[in-house]
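Below are two complexes that have chain A in common, paired first with chain B and then with chain C.
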Partner chain A sequence: MEEKIKSIIKTSGNSPDRLMDILLSVQKEFRCVPEEAVSLIASALGISEADVNQTKTFYHFFSSKPVGKYAVYLNNAAVSGMMGMAEVADEFEKQAGIKFGETTPDGLISLDYTACIGMSDQEPAALINSVVFTELTREKVKEIVAGMKEGKTVESMVPEYGDGNNAHPLVKSMVKNNIRKAGPVCLGDYDAGKTLSKALSMNPKDVISEVQKSNLRGRGGAGFPTGLKWLFCSQESGERYVICNADEGEPGTFKDRVLLTERAKMIFEGMTIAGWAIGAKEGIVYLRYEYDYLLKFLNSILDEMREKNMLGKNIMGKGFDYDIRIQSGAGAYVCGEESALIESTEGKRGEPRNRPPFPTQSGYNEKPTIINNVETFCSAVKIVEKGGEWFSNMGTEESSGTKLLSISGDCKQPGVYEVEWGMTIKEMLDMVDATDVQAVQVAGPSGVCVPPSQFSRKIAIEDLATGGSMIVVGKQRDLIKDIVLNFMEFFEDESCGSCITCRSFNMILRRMVEKIVEGRGIKPDLDNMVQWGEIMRNTSRCGLGQTSANPVSTTISNFRELYESKVKDVDFQSDFDMKKAIIESCEAVGRPPVVHE
Partner chain B sequence: MSDTIKFTIDGKECTGKKGQLLVDAAAENGVYIPVLCHWKDVKPAGSCRICTVKVNNRYVTACTLPIDENCGDVENNTPELQDIRKAIVEMLFVEGNHFCPACEKSGDCDLQALGYKYQMMVPRFPYAFERRELDAKSPKIFLEKNRCIFCKRCIRMIKDEKGRSYFAFKGRGKHLEISMDEKLAANISDELAQEAMDICPVGAILKKEVGFINPIGKRKYDNEPIGSDIEKSK
Partner chain C sequence: MSKPIIATASLAGCFGCHMSLLDIDDRILKLIELVEFNKSPIDDIKTFTKQCDIGLIEGGCCNTENIEVLKEFRKHCKILISVGECAIMGGLPAMRNGIPVKECLDEAYLDGPTVGENKEKIMPNDEELPIITDKVYPLHEIVKVDYYLPGCPPSADLLWEALVALVTGKELEIPYELIKFD
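And now, the complex of A and B:
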């Protein structure tokens, strides 16, 4: 083991900022990061073991005990639940003979849950040793587990390949693109290299002003003007970096998955144009671990672009040196937050930084850095190709261009749609063929739960802003239990824990929702939850804590009658449950609890 | 003197140096902004959020904000902010397990002192009753995780001669815990162990073999509420 680990450390680059890569390789090799490895890594990198563990224990896909030879990670996001996850989980447990959270005694199979893996359009889905299995049913689970027992490779259990590059020899995945509507920007025609050549013959300042003219705003959710971000960064001095945010962790979004599969060159081209514009020499793609199945493919595209001189030294003979590398994540939603992403790329726990300074002033390696979403880079390519005005003529006043929507849940046509900003929710529901809709969750758990009375609202940054996640919730769903509780469990797990407010309030609010679901809630709980959520919003450092009360606050405001039907109309009720409290002692002495009401 | 910044806190006129952290500038002007994680001249953690103030109507943490021309009017002791701070103190009391009468730091504890300052009676939040461990492996230190408030002071400040950290976080979110490097902590010096205990705002880091050196009545906050030294300085 010692030899192997030493060679991993050597090939990953013997430096603390490569710790993520080291841990990823060790986990892959030994199916865990054992104590011995921690100790070897710590002494090689000159940091304490506690520091290595600090990074290791932050990420979902690093484990201390070996996961199974077949490590199953079943998605337990809300949409997976809506599409029948419980049945699938039950079948996995039956077939494997263990519960979730356990490994079979022979070490063959381990069962775990994981947060949204970016497959909401084909749930229930699971990762097995980073191979994706979609649209699972009891039948399919039986086959899969039988295959495991026969010793088949995971790859050989993939029944058929999906469309487009999902069938590429380096991908061979059953994932489907589900592109339902292609628009003129990201999913329209694309001629690789054409725009890069144009950009490199422009003055970098003019590239930035073209992007500014387009009014393009970030597609990752926050909607910051892209041109302005590039301008700020270009005005800083010294080394600079371009980072592409391919963490796509917001439950219910999967449009970046499709762009990574079908528009990889366009993304890299956009990053290169951005590098030219701001004066950077290096670009980094932060790829969520859940998309590891695309890693080899993406690296092969980078190689191809190097061969064609679209990357590397003296690109297209224009004297510009620039290259791109891919940094893998290891399972942490908060690493989609730009400064947490930088920390993670530097080999640390993904804890968002305090601002100021902003990444454009001090980002990766404390150097000025722009971070943009996958879709933002694709849009920038079209803008430089066709002009800012062409782009700004689409969409609404404040939201120009098109947006990719990832639409999932209770509708007949889930998938990716490229639409102009400004579409109403009602129009969207017609487009995806959804009827009997109770609510639409716009922008994922951190967004807004919109009731039918507001379906004429527009999808636009100035009204219903979204990074793309749109979850349709049918009337048959228990909104509080299936959606709100699931979302709060998600935030409770995914908070980095650094802010006392975010760490505690997410836990408290989750418990309060649980209390209401279990019928123990009282009326004052509702206002309390809203007020406590407000404190969390106002005092937390990053977007996670600032929005994670939204599932509670937006549903209490938009579906109050639903909550009121579930809570008791009293002012006080003791949380102390006598029966529950004495059950254990009664069991110990072997008599039933006697409680005098 | 373009480096001098003028601003107000709750209407009081203050001056400070450009780039100085608001919390330090305020202290120099005799204004106390409560802190739990801040330690002067150490890179801010911004984790306890108790120093939240409003600058130009936006919430910011005073321990992470370098002052500049845009500081303008700062709100500090408004009823709204006082309530937020009280809520944060209450939250820390329900999140961890704090049995003050049995704690060696009682009277020297910043969290307890803030509880008194904000007149906390009963926390408005339900207790979490999380089970947390006590790590007594080091010959010099008890790490009483029940009392940790995750301020990161020990992580940021207690290092060996090679710059390696004795303390680090483990896990994330609700599973977050403070941990101590077993190998390094086995050889920690008396001075460093004492320093770790002194900088910990609560009773989570305690030095072994000595205890209760300061009698009741002579502890930091026995006679004056927390922040009095700053408020009396001007």
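And now, the complex of A and C:
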């Protein structure tokens, strides 16, 4: 083991900021990160074991005990649940003869749940040793587990390959793109290198002002003006970095997956243009581990671009040196938050930083850094190609251009749609062929649950902002149990635990929702939940805690009757059960469990 | 108008909250003018002799007697206040909540380093004794609680301001320092 680990450390760069890569390789090799590895890594990198352990224990895909030779991670996000996850889970348990959370005694199969893996348009889906299996059914599970027992490779169990680059020899995945509507910006025609060559002949300042002219706002959810971000960073001195946020962790989004598959060059080109604009020499893509199946392919594209002199030294003969590397994540939603992402890229726990300073002032390695979403970089390419004005003529006043929507749930045409900002929810539902809709969850769990009475609202940053996640919830669903409870379980799991309110209230709110689902809720619980959510919003450090009460607060505000029909109209009700509370101690001391009242 | 009547009790607490009440120093004379005490360790009245207006309780519930007393208080007091961390969240005694009761009892009566001789392995199980509950419960999980005064203990000033506000009907103005704990 020692030799193997030493060689992993050596090939990964032998530096504390490559700890993520080291741990990922160790996990892959040994199916866990054993204690022995922790001390070897610590002494090789010159950091403490506690440092290694805190990174190791933070991420979902690092484990202390070996996972199975076939490690199944079934997505338990809300949409997966809607599409029949329970049946699939049951079949896995039956076939493997173990429960979720367990490994077969022979170490062959382990079953675990995981948060949304970016396949909401083809659920239920699972990762098996980082190979994606979509649209699972009982039948398919039977075949898969039989294959495992025969010792087949996971790759050979993939029944057929998806469309486009999903079938690329370095991808070979069954994932489908499901591009339902291509627009003029991200999914339209694209000629690799054309815009880069144009940008490199422009003054970097002019590149930034073109982006400013377009009014492009960040596509990752927060909607910060991209040009302004670039301008701020370009005004800082010294070394600078460009980071592409490909963490796509918000349950229900999968549009970055499609861009990474079909527009990889465009993303890298956008990052290079950004590097030219702000004066950076290095770009980093933070790729969520769930998209590890694209890693080899993406690296091959980078190689190809290096060969074509679109990356590397003296790009296109314009005297600009710039290169891009890919940093893999290891399963943590909060790492999509920009400062947590930076921490993670530096090999640490993905714990958000205090702001200010903002990343544009002090980001990766404490150097000025711009972080943008995958789609933002793609949009920037088209803006530089066709001009800011062309872009700003599309969309609405405050939201220019087009937006990729990842639409999933109860509709006949789930998939990726590139539409101009300003479409109403009603129009969107017609577009995806959804009928009998109870609600639309806009912008994922951290967004808003919109009722039919508000379906004339617009998808735009000034009305219903979204990073792309759109989940259609049909009338047949139990909104509180299937959606709200699932979302709160997600946030409870994903809170980094740094702020006390986020750490505890996500759990408390989850328990309150559970209480209501189980029929033990009372009317004052509703106002309490809203109030506690407000406290959490005001006292949490990052966007996770600031928005994680939204599933509760937006449904209480938009579906109050539903809640009221489930809670008792009393002031107080105790769940305390005296009989249950004394049984244990009476047994321990040997006396009858009787209370004389 | 007759004076408002106050009752107090310490359940699974350390009496620190009561001590804090005594820490109002000479204001205790003013307090006596403002209110009348009924069941309370302060005047040593052991059982309720009439209906009260305000019940102050420190400590959570760790056994059946605590629960009984708490329910008595709820019956006899118009307003019930959880005083201090233990009453509000279980406090220090709730440190045992993650440990099975049997383990706690074994440690206390059989295995602990301070146990001494207990050859017959006797556990306190006389019928007269209260029964330990599986967990230490905060008050509001058992009865309705109207107000909460945080702190360990809540400072004398906080207790004083809260009581005066309650009995005079004035709005409670709490300076930030009184409820800032770090």
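Heads up, the rule we're going with is that the second predicted complex is superposed on the first by the 577 of 597 C-alpha atoms of A that agree within 3 Å, B and C clash if a C-alpha of one lies under 4 Å from a C-alpha of the other, contacts with A are read in each partner's own complex, and residues count from 1 in each chain.
Just so we're on the same page, a contact is a pair of C-beta atoms (placed from the backbone, for glycine too) under 8 Å apart; a residue touches a chain by one contact, two chains touch by 3 or more.
This structure is a prediction, so every number in the text was calculated from the model and none was measured.
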| item | value |
| --- | --- |
| Touching partner for A:G497 - first (chain B), second (chain C), both, neither | first |
| Partner chain(s) touched by A:I582 [first = chain B, second = chain C, both, neither] | second |
| Touched partner set for A:N506, first chain B, second chain C, both or neither | first |
| Touching partner for A:F572 - first (chain B), second (chain C), both, neither | second |
| First (chain B), second (chain C), both or neither touched by A:T539 | first |
| Touched partner set for A:R591, first chain B, second chain C, both or neither | second |
| Chain A residues touched - chain C or chain B, whichever exceeds | B |
| Partner chain(s) touched by A:N53 [first = chain B, second = chain C, both, neither] | first |
| Residues of chain A that lie at the interface with chain B and also at the interface with chain C | 575 |
| Residues of chain A that touch chain C when the two form their complex | 571-572, 574-576, 578, 580-591, 593, 595, 597 |
| Chain B contact footprint on chain A (complex, rising order) | 46-51, 53-54, 57-58, 332, 334, 349, 354-356, 492-501, 503-508, 511-512, 528, 532, 535, 538-541, 575 |
| Footprint of chain A on chain C - complex, ascending | 64, 67-68, 100-102, 105-106, 123-125, 127, 131-135, 137, 141-144 |
| Contacting residues of chain B [partner chain A, same complex] | 44-49, 52, 59, 61, 64-66, 84, 87-88, 91-92, 94-95, 124-126, 128, 149-150, 152, 160, 162, 164-176, 179-184 |
